[in-house]
Amino acid sequence: MSVTSPLALFGIDSLLSEEERAISSVVREYVEASISPQIADWFEKGDIPARSLAKDFGSLGLLGMHLEGYGCAGTSAVAYGLAAMELEAGDSGIRSLVSVQGSLAMYAIHEFGSEEQKNEWLPGMAAGDIVGCFGLTEADFGSNPQGMRTNAKRDGSDANSDWILNGSKMWITNGSVADVAVVWAQTDDGIRGFIVPTATPGFTASVIHKKMSLRASITSELVFENLRLPAHSMLPGVRGLKGPLSCLNEARFGIAFGTLGAARDCLQTAIDYSINRVQFDRPIAGYQLTQMKLADMTLELGKGMLLALHIGRLKDSIGVTPEQISLGKLNNAREALHIARECRSILGGNGITLEYPIIRHMNNLESVFTYEGTNEMHTLVIGQALTGLPAFR
Amino acid sequence: MSVTSPLALFGIDSLLSEEERAISSVVREYVEASISPQIADWFEKGDIPARSLAKDFGSLGLLGMHLEGYGCAGTSAVAYGLAAMELEAGDSGIRSLVSVQGSLAMYAIHEFGSEEQKNEWLPGMAAGDIVGCFGLTEADFGSNPQGMRTNAKRDGSDANSDWILNGSKMWITNGSVADVAVVWAQTDDGIRGFIVPTATPGFTASVIHKKMSLRASITSELVFENLRLPAHSMLPGVRGLKGPLSCLNEARFGIAFGTLGAARDCLQTAIDYSINRVQFDRPIAGYQLTQMKLADMTLELGKGMLLALHIGRLKDSIGVTPEQISLGKLNNAREALHIARECRSILGGNGITLEYPIIRHMNNLESVFTYEGTNEMHTLVIGQALTGLPAFR
Amino acid sequence: MSVTSPLALFGIDSLLSEEERAISSVVREYVEASISPQIADWFEKGDIPARSLAKDFGSLGLLGMHLEGYGCAGTSAVAYGLAAMELEAGDSGIRSLVSVQGSLAMYAIHEFGSEEQKNEWLPGMAAGDIVGCFGLTEADFGSNPQGMRTNAKRDGSDANSDWILNGSKMWITNGSVADVAVVWAQTDDGIRGFIVPTATPGFTASVIHKKMSLRASITSELVFENLRLPAHSMLPGVRGLKGPLSCLNEARFGIAFGTLGAARDCLQTAIDYSINRVQFDRPIAGYQLTQMKLADMTLELGKGMLLALHIGRLKDSIGVTPEQISLGKLNNAREALHIARECRSILGGNGITLEYPIIRHMNNLESVFTYEGTNEMHTLVIGQALTGLPAFR
Amino acid sequence: MSVTSPLALFGIDSLLSEEERAISSVVREYVEASISPQIADWFEKGDIPARSLAKDFGSLGLLGMHLEGYGCAGTSAVAYGLAAMELEAGDSGIRSLVSVQGSLAMYAIHEFGSEEQKNEWLPGMAAGDIVGCFGLTEADFGSNPQGMRTNAKRDGSDANSDWILNGSKMWITNGSVADVAVVWAQTDDGIRGFIVPTATPGFTASVIHKKMSLRASITSELVFENLRLPAHSMLPGVRGLKGPLSCLNEARFGIAFGTLGAARDCLQTAIDYSINRVQFDRPIAGYQLTQMKLADMTLELGKGMLLALHIGRLKDSIGVTPEQISLGKLNNAREALHIARECRSILGGNGITLEYPIIRHMNNLESVFTYEGTNEMHTLVIGQALTGLPAFR
């Protein structure tokens, strides 16, 4: 009885360089040693040791790993994607911590910050000493961030005047443990980004409880009440929504890979379970109805992997378009969720407990399916590219 | 802007008698007043006030409500189904408590018990003073109960000898709070049922933790170690697997209705949310992509309701076959789960918290989808009826 | 090896009156004797003996059978639906002939015609001596008939002046064989209906060839060039789109039943085939993958039947709403198409020839899925009923 | 209004070499000039000019193009796949003609033939002067060719004795126009292949009529009655089912690419149609419900393309396994069929005529979905690779 793993059946390894395989292995080993044994407990409790995890990820060089300089590793986009995949094989919440730090907060500063801002913040963030978060979404403005109500006003008439920040942000990963927040706000000059130390008076972060998803992740609401920021807190390099949207593109790229990690972990768990679970004197893996599920999921996992790698290779060579990232995020979050649901059914009663990772992944992927652009938003992005006609409204 | 609820759109009310509508209303009001305000907390904590709930359900006449005599209400099957539906609109775990008490434990005693057994147990169980559970499934024998290892041996050679019970049962709803368990075991005479007071020495029940589903329900493992039972503990009226299977048929009947309650609650929540949630200056209920979800779910809910009522009317008139109950359980558990998942996506980020009932229902329905016969088992039951060919092995 | 048909498994017969079963039987016998033996040839050639079929249907009392008086049978709506189902078990094209005659052309005259018009046309149409067609759809106005360009102008200034009709109609069933067309046209007074004898100068009908669907049905384009009609040709009883739309409602009602006939014929064919087709020494009906297809299709067929009967019972009692008919048309056309596709796959290579009815039904149902309101239009009708928000534009 | 084609949106071109793009272009131009203008008529009539097409394909170097020597072009596997894709964008029947000639008949002789056999047959076949067919499937042995009944017996006792062939083969593409058939038969020595000139006495081929699929392809039944073959007619290089199965692998490889051509043609047609088709004053391409269809189909087409190219690159480098080819055939035939069906619905009434290519592709793909291994067979091949457990019986 010789058995092949889904991605080995696809021959995916032949598409990776030795360095890429090495990075994958290192992260996978860390996850297996340090995350997997504890993740069910963290999830059950709804809490994680965020700061010590951040230190670990810093030591592994995973924070802002695809950025150049300022203490960042400067790897390829594919390597970054593979690391996200291994992290999310552990837990989507754990991967989210790294994504928000590297692809959102650090990326925003790296792309749009001044030299001073980069030097001040990035090395500490890359090391995991400083934890960041990213404030874009508001309670009433999810798919449509353009409508945000958070605003920053000059307390004075010249470019050296302080900014006064008011408003609130919702669904902010890392919010309550962060040292620094990159916050987007309406100004007289359009939407601008601000680097906001969370110790600043007027800043409050409250944890969102009663989540069933991403329980091993800290999700917060941020409130800014007449929060005073020095003039140089603003990110000088971008104005308008294209700033935060380009950060989201980075994060979505990581999600296109990351979700496959969760899916792979579910599928491998279900295959192993089905081989060992005997009913009517046969392993359930030997029944046609089970094999159909496994074969279909293997196909979706493999195609998702080819898609993620394709997008990654484009990003590392001729460049990737936002629409191509939409293809990756839409497909891989959706298929990962489908895989998790189907795998859960294979485990029967055992599939509802945290003893197995599947129902945890399944619940996590509900968030991932929604955040960084819903299914609907990415569908309409692709629809517009194909037809030239916007259908968002 | 005139709005119709999904079941009103189908004109379902016209299919119900006044009495049936009255029973629905009473249960719905109880659920809205006494379950819904607290269910999220119970679910979060993973605990319910089982005994006081049982008393409430007893007072409402819901325990064994479709049974005749011995303090039971003796309603029609449809009325019982409608009550299950309203309870599961509250929570599948709450409905499970009632199903296990009435359709499994009480039904087994009512159908297969001696007059003495019925008089001893049923009135107290109908009143909710005595809580029952039902021990059939074992850890290694889910879909194939025939293979059970729990056994009862006579301690002596005649019909008055005590029974010695050994073995264990898994996934037992109400197990840790029950006063009495109906336990099925191998004997020299085939599989037989036993009434087991849980205070009997040798009986232990341990709660299964780390569930993500049916957290507002007590699920236990039962262990019997040389548990001694008097000879008259055995249910005299049935031998072989057809005993417990006929109980399961009762429970599945309730599930065919019950799951629609969870689905209805999800769908109504999603409709209301989508009407109130504005993005891009329009309620998301006004977008085609949302309307397609709502229309498709309405269709499935309505068809599921027609199916459940059809089966119920058959049960109350010319009789219903096990295959017809399989149609109802297979379809309605599956479609309810699909509806819950789709509704969750409509709520976006808000869909992952227990502030809304949807993700709770979604997780609950994973259990309901699996228990009382998986999708696969019911599929093959129907397949055999259509083709004459068994394909279970 | 005892075998149950899908609808018998559901216990559908118990829902029908003796008279309804009798009508079903008569039509089924006619179809089996007179349609089924020849339908593959008619389909292959793309032609049917429309006039002799119309005479047969007239003799059987099927034309306008649910209308009262004027030579019509005056049956219940359910009986009419069951007849449509049996006809479409033969072929969707054959059922379309009857639908167009009875539910569209005759219904329009019956509902909106003057006493003179009814007496002139209905008895001959009910007998099948006069064939009718119904002109609403235009090439550029399918889902949006309001935009139609066909127009009728008075040739004079008073109510006795002739009408001059110009324009064209597309996808008109029976068009080239019809003796009379009910044509809807723009007038100064809104959209009005006209009774147009096809022998009138200025009327041309040309058959649409190269169809792959409804090949056993005559589909035509009608062109009106300065076609002169006497003043009394106009249907006096309705103005505006609600006239033709109420006719469409009648036809859709018939489709909700009819499509189930095609589906039933596919499914029964596939079950029989799979029981007789042996691969690897076992009938393919004995494999899990086949049984899953059969069980899922049985569920959809049965639920469709419950839905159609529910709508029919409403129509025969308290009345049915257009939205309820949308539920029936949307669901049953869609599911019938799915069933036909899945059944085709069960027949493997044999499934692609006209030796078996399945691929013919499959192609026919593509038309039925589209006509009388696309999937999208009915989805948005239901969406509006649920949300109060129109999303058509 | 800028518009991107589905494969351009994916950036597929960047994955192809200049030579590969050149081969694609040549075939595409031939198809557009010589196939597309006539294919609807050929399909309607159910006939093609097979011999002159074979000559054309020979001139273009497409017959056995991936084979080395003997007049064959010796291209890469990917180039062969891309050519199949362009041919099937024309019609699956046309691509089948080329597949059967090159991947089945020529490949069998090339791999398993003697030097004399290769020299005798391959150059003429490569040129399109000689048309070949491939006889494996029998009426009762589709998925299970091992059970074939066609047999060859020595007329004598030594290796120079003639063979006497008896039996029949079903669903044989090119059968009635072929000059030569490669026929697989049971012998005392296991299953062996034979080169059978169709002019040999005892050989009859009859065309299978009443097909709704692959009407632009000649499908035949072959019958062998005491057909006498010289001893050297047997293919010396292989014995057992692995001979024909390795040919099927070649053909399936071509199908993994080819089906995407049909899908691409459907999708591009539907996009163009939807941009030009106005309803309610807006192109239907501008509605959310249409965009969702287009986006989802684009995803499937693109992923199918990545999968086909991945398999092709493996075949051209480290080698491809039969299971990997199963992944490609299963997925791409299935998704192409789904795409064709969905595209048909976008065209509404216009989607049912041969004026547009979609319903033709849709019907063709029903055959392609079934032949060269059904969905079920490939599912179980993959299932066995994942679990080590065969579930075919």
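Letters are used for the chains, namely A, B, C and D, taken in the order the chains are written, and counting of residues starts over at 1 for each.
What we mean here is this: a contact is a pair of C-beta atoms (placed from the backbone, for glycine too) under 8 Å apart; a residue touches a chain by one contact, two chains touch by 3 or more.
Treat the numbers as computed from the prediction; the structure is a model and nothing was measured.
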item: Given subunit B and subunit D, the chains that contact each of them; value: A, C
item: Chain pair with more C-beta contacts, A-B versus A-D; value: A-D
item: Listed pair (A-B, A-C or B-D) duplicating the C-D contact set, over half by residue number; value: A-B
item: Intercentroid distance (Cα basis), subunit B paired with subunit A, Å; value: 38
item: Separation of subunit A from subunit D, taking each centre as the mean of its C-alpha atoms, in whole Å; value: 42
item: For subunit B, residues contacting two or more additional chains; value: 287-290, 292, 376, 379
item: Partner subunit A, residues of subunit B touching it in the complex; value: 40, 44, 137, 140-144, 170-171, 208-214, 278-282, 287, 289-290, 341, 344-345, 348-349, 351-355, 359-360, 363, 366-367, 369-371, 374-376, 379, 392-393
item: Residue ranges of subunit A in contact with subunit C within the complex; value: 287-289, 292
item: Subunit C residues touching subunit B - in the complex, by the definition given at the top; value: 1-6, 9-11, 14-15, 271, 274-275, 283, 285-288, 290-292, 294-296, 298-299, 302-304, 306-307, 310, 314, 317-318, 320-321, 323-324, 327, 330-331, 376, 378-380, 382-391
